[in-house]
């Protein structure tokens, strides 16, 4: 049975996939459904939902279309979540591979760096990084990745340690390949699958971290994010609770979708391994 | 016991280069930031002339080159002196000792509560893997785990503090109440209910899932199958054999999550106006108070190391296989 | 009463979960005299108002350390000085000091304290005093109740008068002399002559002041204790007021958008008075070093592109006034409406930009620029969002660059790395204190809230310098009228709105907002009813 078929039999996984598909299509369609700047003022401030056609979710404190912000916000969350996870996994896998393959002093030094990052609370680091450099999308992505790359690094190193003793690595050495080339071309691809299994957890964590940073006012001011929406809604929580509740539900749906999907996928993959 | 002492010594020694990395990294990060402590202060007081700014920089020692300042800091650190905060003009150790207990209480209560509830619910879910209760609990916990803690905090505070007025809106205790002893403890506990709940719900899901996953694993093992074959009552198997063995990974998770939990308190402290460690860190960053931020990061790093050490030592005590051939 | 019991039971249950016992807490106990609990949104690290003349410091310290005089709706209220007179040549000002005043430690207050504060603190160390007292040469003390200020250049008495409430907080000489003033421990636990004594400070939680029983004004103060509760988060100020945990939130700590709702709650009232002498100005700072911005037509176009009415109605929800120029209308002594104005007109803006030689490109954009809104007010950030859109409508692509306070200070005021910035400047009663520096050339880099846009205009410079030494009040005012006309015509900066703060207070507090610096005055007459 293929992985896809096994995945299809897991109701959680399918639910997660559907949630993600829904949110991703919303994010992709945002520029088409709501062209123009979602931050532009389109109506009376604090218009309640379902009051005016064209503004189904009402407007925020400055009279911006909440529906448009919500769709564009999904975009920001997904972009940040996926790119931060990609950066973290790539950087982690690279460092882990080099450390594991290089061994000796290289390993020792790199693992101390991993330790250093692991004992510093990731959110504190992200907070310090973004507020001292200034928030923009790229900086936020790097800041989140800074606190997330150590897991992949450790895992990749452990994988590499077991792979490097295999025959083909020895033969590559005999053939005179540069160690770095062996590490990156031969070993890294094999070490990747278990590391990739961390993806869903890292993406979910990244989405939540981004939201928390934006909530503390450290989001990119040129784009809408759900965290910023919640932060702005917070001041009017009593008069217009929907402004913080709606993006909050969006976050829950996205993170839940990522977890469910990841869980279904890991399950489907592990069953294959178990059977094979 | 001898093994524990060896583990302790080895861990402490290997931590030193890590801590040095942390100190230098943090120092350079904040030194490369745009704007310094004098800039932050000038704006906070609504401005002053150029000579004023210059005088401030001299006061703060910012006119000296970065390596001199770093060296100076390191020299003090070797003498166990964390230095003085630029923004608060007080010894950093005092400031940290003042703020840390609040955060430790917050984190400690949240972790204790979620550990107990989470593992109990995990046992309920894991007692019959695949049952309706199990499905409901595991999907439910996943949903809870997906909730941003700050958002949950906001919702809880509006409902329970502002609307129902069951709990105070913010702070850690009734200000200048003159309360002592038990009544003060009670007062602090009342203030902690909502922030602890916001954090605990998140961790509860984590522990529940771990416990459940661990139990599912143990169910498949031979000694459990053997016990079932012997006709040992199910309830007894669940508690005596399965749950007990599934508890170990939870202890490990405590160590792994320690750093993350400390970081997570920053946002919750901001939502509930709690003068803890997290808020201090945010203030240090915005005030460009490099020594203070370093003191905070260093303290949390040491805390994380200590928690992990405690976890490892507990683990070593529980499981004799660990520690004998410790590679890490 | 019934539901309270239920609450307690529930509380008890919740507390048991934490392994502790919760005892019910009485909500808020305010007796006669009583304790006043006030929200404070920041924790000044230095509480010495003689060194740091800022509203954050005054808010707390003005109750402890008093200036020579306080602002009143019809001039000045004498505090430590009872009378003041400037000489004909503008080189001396003589203060008659109040007699029978003692410091909180029991020592008498004398002219020596004033002389010491002026020469050792205000002039060399105070952020604003360094400007106002730049030409102060000496302070003579012919007797214990007289202080004569001698200036090296003619100094308008009008300026000194207007500056008195802000720059003349008097310190006890006997506790400061011979110490390192900047590091004196009293800077964080001040001793003064005011109606309240400093009691204690718990970082992150509160400042507590207690009644000064030996205050010089008989029968005052009425309140036993003032607690400033640190609530850095604006959303929680409103909640705490509603929950009865605090009785006053000043300086707009309650978000504007909540005022409507909060004002309807029984027992609370919204007050917009009491800040007339602390008018904040929403301005667009312009970097004249940048080619586009050096072009007057571009600046005029930007002025036309801003819908001030929308800014006042939407961002400030009406709690502000449209600005006409660098002096706000609620400073009637200096204000003139007779200036160049820019009505909101996208067409005019577009036409001006076309004339200036920046036609729209194929994508509808003329040019791009960096916009840096000051991060320390919600309104400056919101105006940043609005300005970005307003500029987009006339074909200017503004990218918002966001920094925290320190980063903003460095980027705008030191590195000049901006095209447009948004600042909340303050009009402090006299244009010479903190307004003309926004336009005057030759100011060193790194000075916040000053002309860091590289604007140079010899005409305004000459005008500013002349007004600074013009003794005749009418002639001085005429010069400042001219100043407003030049600034609005040449647009070194664009004034968008003038706003004052709001307070939300318990209706038990009386009297409230009875002077134009009420929040930062000494509150000796404040009472809590009930």
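Every chain is named by a letter (A, B and C) in the order it is written, and numbering of its residues begins at 1.
Keep this in mind: a contact is a pair of C-beta atoms (placed from the backbone, for glycine too) under 8 Å apart; a residue touches a chain by one contact, two chains touch by 3 or more.
All values reported here derive from a predicted model rather than from experimental measurement.
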Set B-C beside A-B; more C-beta pairs touch across B-C
Maximum distance between Cα centroids and chain C occurs for chain A
For chain A paired with chain C, centre-to-centre distance based on mean C-alpha positions, whole Å
43
Averaging only over C-alpha atoms, locate the centres of chain B and chain C and give their separation in whole Å.
38
Indicate the whole-number Å distance between the mean C-alpha point of chain A and the mean C-alpha point of chain B.
22
Please output the residue numbers of chain C that touch at least 2 other chains, ranges allowed.
239, 403-404, 407
Where in chain B do residues touch at least two different other chains?
33-34, 158, 162, 270, 285-286, 288
Where chain A touches two or more other chains, by residue
131-132, 134, 234, 237-238
Residue numbers on chain B that touch chain C, as the complex places them:
33-37, 39-53, 55, 59, 87-89, 95, 98-99, 109, 112-113, 157-158, 161-162, 164-177, 182-183, 185-190, 192-193, 196, 270-271, 273, 275-276, 279-280, 285-288
Quick one: in the complex, what on chain A touches chain B?
12, 112-113, 115-116, 118-125, 127-129, 131-134, 147, 204, 208, 211-212, 215-216, 227, 230, 234, 237-238, 241, 244-245, 248, 251-253, 255-256, 259-260, 263
Could you pull out which chain A residues touch chain C in their complex?
37, 39-41, 45-46, 61-63, 131-132, 134-135, 217, 220-222, 234-239
Taking the complex as given, what residues does chain C use to touch chain B?
7, 10-11, 14-15, 17-23, 25, 37, 42, 44-46, 52-57, 125, 127-128, 130-131, 182-183, 188, 200, 202-206, 208, 227, 229-233, 236, 239-240, 242-243, 245, 376, 403-411, 414, 426, 434, 443-450
Report the residues of chain C in contact with chain A in the complex, numbered from low to high.
234-235, 238-239, 255, 257-258, 260-261, 310, 314-315, 317, 373, 375, 378, 381-382, 384-386, 388-389, 392, 399-404, 407
